[in-house]
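For reference, the structure is listed below as structure tokens.
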Amino acid sequence: MAKKTYRQAINEALRQEMARDADVVIIGEDVAGGQGGSAGVLDAYGGVMGVTKGLVGMFGPERVIDTPISESAIIGMAVGAANTGLRPVAELMFVDFLGVCFDQLFNQAAKVRYMFGGKAKTPMVMRSMIGAGLCAAAQHSQTLHPIFTHVPGLKVVMPSGAYDAKGLLIEAIRDDDPVIFLEHKALYEQIEEVPDEPYMIPFGEANIILDGGDVTVVALSNMVHVALAAARSVAKDGVRAEVIDPRTTSPLDEDTILESVAKTGRLVIVDESPPRCSLAADIAALAVTKAFRDLKAPVEMITAPHTPVPFAPSLERLYIPGADAVTQAVRRVLQS
Amino acid sequence: MQLSRDDLKEAYRRMRTIRAFEERVKIAFESGQIPGFVHLYVGQEAAAVGVCLHLSDADAIGSTHRGHGHCIAKGCDIAGMMLEIFGRQGGLCGGKGGSMHIADLAKGMLGANAIVGGNPPLVIGAALTAKTKRTGAVAVSFLGDGASNQGTTFEAMNMAVVLKLPVVFVIENNGYGEGTGVSYAVGAHDIAARAAAFGMPAHKVDGTDLFAVHEAAGDAVRAAREGRGPSTLELHCPRFHGHFLGDPQAYRSAEELQTVRQHDPLSLFRIKVTESRLLDSHQLDAIDAEIEAMIDRAAAAAASAPFPSPSDLIKDVYVSY
Amino acid sequence: MAKKTYRQAINEALRQEMARDADVVIIGEDVAGGQGGSAGVLDAYGGVMGVTKGLVGMFGPERVIDTPISESAIIGMAVGAANTGLRPVAELMFVDFLGVCFDQLFNQAAKVRYMFGGKAKTPMVMRSMIGAGLCAAAQHSQTLHPIFTHVPGLKVVMPSGAYDAKGLLIEAIRDDDPVIFLEHKALYEQIEEVPDEPYMIPFGEANIILDGGDVTVVALSNMVHVALAAARSVAKDGVRAEVIDPRTTSPLDEDTILESVAKTGRLVIVDESPPRCSLAADIAALAVTKAFRDLKAPVEMITAPHTPVPFAPSLERLYIPGADAVTQAVRRVLQS
Amino acid sequence: MQLSRDDLKEAYRRMRTIRAFEERVKIAFESGQIPGFVHLYVGQEAAAVGVCLHLSDADAIGSTHRGHGHCIAKGCDIAGMMLEIFGRQGGLCGGKGGSMHIADLAKGMLGANAIVGGNPPLVIGAALTAKTKRTGAVAVSFLGDGASNQGTTFEAMNMAVVLKLPVVFVIENNGYGEGTGVSYAVGAHDIAARAAAFGMPAHKVDGTDLFAVHEAAGDAVRAAREGRGPSTLELHCPRFHGHFLGDPQAYRSAEELQTVRQHDPLSLFRIKVTESRLLDSHQLDAIDAEIEAMIDRAAAAAASAPFPSPSDLIKDVYVSY
């Protein structure tokens, strides 16, 4: 087993699945790069973050398909291709671009199976990049996972590290439903042990990253690392936090969260999106509807504020939920 | 491409089925048997049929809110369609889709679509499958003049040209998008020319003339099948009825409504084939009677079929969850 | 004071505001109707549900602007016009069409003020039609208010009756921020006393429709009527439900809800959208984060299921939260 | 429209300011002083300036991720821009927008826009304001060749024609959208013709030639102002640098990069005005020096300005909430 970055893990999952199944194709802007360029080479980008680098060389431009800047056509094409026999992996470069292609996801991909009485399936993956941290400002730093999670018919995956990224992406590609696979842009350099061979991580199974009996901390994607930092910090005071990474928000592993809350009676949720109708609210609602008698203290939601993402680093740092805020929330629920 | 006598009978059979189906749907809707919104295809029969005669089940089409005609032309089961529109068990989509969401993927019918401009991106996806798997299939996007102004349509056209996809965009210009005339909504007043500027052959054709549609569609489908990329047909075929059932059509003059009826694709077809003695009236009348009976049976069956059962509500959201 | 329908109340608000302020324009598909038609008349539709009927006759086609079917251009044009001095009321015929114009709302309208450091404003209203009940199926029956509510920078209004509709729409038109005004299609024939003169209902002020001390029931839009039916039903058993209609989801009148929960200790939320990351979850989260000590029972969320909206009337009836389900939930929280 | 000597000086001043600004931004970015993404406008100066010379503060422009040039051409404050790009207090947007979201509505600069194809719908809105209020103002949408494939752009073009809005679409064809060539991404290989098919005049112009741009833009702006509706200009103006700062440009050949430098709009301008003796080198050199000093001051001020204060985080989400 070798150490690999999150980027490499995703690349490897794509490579192995494309080698295994000729129906897997990649569609997106500059997923190869260089089409129509004067240098006459492809793979000039391999995705704007280099995630699909090398794949066009292995599988050719008919399977690593560069497109014009037309996201509705990109995503819709993936949906229609999935309905008719391919297993496309479409890339929405930044999740913030959702607004120019949302119909093809929420009214088409998510609904065809139900509307057609179970007679269609849409085995596609939409990979996209989420999150703040690179000062990319309001239109390139959102997470938007609550919007996807709200939509029945979509599955939503948010890997927090390289190991999960590979296993969840292979699962996503082999899954017969439309899967939104959200990669956090601050995680591409994250390194973990990642097996060379293909493996799958089932959806709806949370990862208990840290065992603990005093307080339950639920976090996804990059926030898992914030939660862990907070857990380490309170550990110095002898507080044992249980850190749970649901890994997928739809389906959500309610049982693992509820079992933990049954044990700890205390729940802190860390979520990078703004708070209203958010995943943090969703999990808080889960607790108060299904684990009310277990709760010993108010649930705490540590989220971004109800604002767009600011550009200036001094503000962006404040926007992103931080370990200090989580630490304080943990202390509050313990004192309560 | 010549149409044999059998082809002609088949063409007429499909057009007549559409007409009879829609007239029955109208009656059923007006008597309160059909819930929701219904958009009739009457007047446009030659468009769907003229195109679909070139297609097999392996070829795909994408359709619109005005989709019954496309379904029938593509070979969807009539009884299943009627059940679906009535919202009953046994409907093509189990009663969960309704008029605006009939689909039958086994027949290459990718679905009616209640989002104007919703299908072109999906249809180029079906074309991508054909191209990638080298199946020789083609994909056809049926859309309206109104839908021709939707950004998704333009994107799909450009993408189809860039990737040289085996697709045909069939724009049924019936003069209106709801209550707004095409002469207002299409700034350039020329839908085909706009499509041509995306880099593909595009032709205007009389969409009430089965023969003209059939010929133009033959060329476009052949080009797609032979790997020569996409094309567009703009078919002129005014609708007889309102936008949806219940539309008083205040935006159309009495004269227009009269003229429209003079371009009835079924009458025009009948005159052509009988005058040229390719088919005779008896043959056509026999088809009419046969279809009438079939539609009767379908409507009666639909009216008495059970509604979906409560357990269907949460079924088939996902393959697995 | 005369009795007016919800439709008439909205029409009257538009008419009075257009008469008062020449900067108010209406933009949408068939908001007049008949442009380019052979009959040569306008006002052939007055909106697909007749809500804008008569306005083109009064204010002309330059202020009641029919458009091609191009929602991104419609909404974006309204945003740009609002940034430069008009107060447009754009119509998105069905809220389900959000997917083809979402960018102009969530990345542009909602964010310009913040991104530009407070130097721009976007005084526009987007009117749209929501909800199930007419067998319009999966792509014409959604509510989607949780998506709007999630987005910082938008205000979201959901009138439950004719009186509120008029007052909230006038407020929306005079408000300097982008307002999403959601009309429930099952309510257009709802009748209430509606004053003839213009009046405004401030955002973020809930309406306590029914006073009661036993249980708090929060509902919006058409669900208010479902909640009231349930309240009447439990009243027979002597249960006094307090029915709260927040009227706007963003801003949300947290205080009124929290005060009621402080009094009753029991909370039932009725919401027509699917449950995940929904407004029901949002309000449940509000209770468990800010009123935990007041709660005496688990919060109950009565929502649509996690499915698209089915077509068949037999299924659609089950999809929409009903008074029976609410009644049972009220009983459960009282027994708990 | 003739350019007076003063006009020429002004044109040069703006182009030179853009060039100097961008070169300074590049240095600052590479030394780590500027966070986020930065897209340089170098090579395209004549486009923004040639168009904006026709505009006053009452006219509106919409811009893109590559927006510094448009801001400067439209008269935005240089110090405020630099502060903004550095993410500092006193920036045009208080440090909350950054390079991809600079705006100054008082100058008619509606904002850079980080969504490709995001501005055309907004810009037709500004044009609608002008038309409705009869202000005589025009609105200009600057966009790239890549953005010309976005559905929002097509919709805005059709809408502008339908409503006869006073708008000019200026498509800066710099050869690439990120690492994808326009010859691949635009299926028809002809952006102007595609725009023309929407029903408006559309012309291709050498975007490195200030005089050519100025003349074509003059016609288009005049038509808009006089109520004759929209037009499109496709300006050819290759970018000197990569898509964003840090782009190794593997997709461009060494030859191409060399040729591009031979079409430097500033050098071309300098040669033309000096050879025709409209201006002399000393005058131009003096402008260069003056601008260099101004940029020095702006960059120094930006580098030492305070960052926004924590309380700014939650300010200005709404006018009232």
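Here the chain labels run A, B, C and D in written order, and each chain numbers its own residues starting at 1.
Everything below uses one rule, namely that contacts are C-beta pairs under 8 Å (C-beta built on N, C-alpha and C of every residue); 3 or more make two chains touch, one makes a residue touch a chain.
In this text the structure is predicted, and so the values were computed from the model without any measurement.
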Chain C and chain A - chains in contact with each: B, D
Chain whose average C-alpha position is farthest from chain A's own: B
Distance between chain centroids, defined by C-alpha means - chain A, chain B (Å): 39
Inter-chain centre distance, chain B versus chain D - centres from mean C-alpha coordinates, in Å: 45
Centroid spacing, where centroids are CA-atom means, of chain B and chain C in whole angstrom: 35
Chain B residues counted as touching two or more neighbouring chains: 93, 95-97, 101, 113, 115, 118, 149-152, 155, 158-159, 162, 184-187, 317
Chain A, residues touching no fewer than two other chains: 67-68, 70, 72-73, 96-97, 99-100, 103-104, 107, 114-115, 137-139, 152-153, 305-308, 310-311
Touch-based graph of the chains, sorted into line, ring, star, complete or other: complete
Touching residues on chain A, where the partner in the complex is chain D: 29-30, 33-41, 43-45, 48, 66-73, 96-97, 99-100, 134-140, 305-308, 310-315, 318-319
Complex contact set, residues of chain D against chain B: 149-155, 157-162, 184-190, 193-194, 196-200
Residues of chain C that touch chain D when the two form their complex: 23, 25, 62-63, 65, 67-68, 70, 72-86, 88, 103-104, 107-108, 112-121, 152-153, 155, 175-177, 204, 251
Chain C-facing residues of chain D, complex: 60, 62, 91-97, 101, 103-106, 110-111, 113, 115, 118, 120-133, 139, 151-152, 155-156, 158-159, 162-163, 315-321
Touching residues on chain A, where the partner in the complex is chain C: 72, 96-107, 110-111, 114-115, 137-139, 146-147, 149-153, 250, 252, 273-274, 276-282, 284-285, 287-290, 292-293, 295, 297-301, 305-308, 310-311
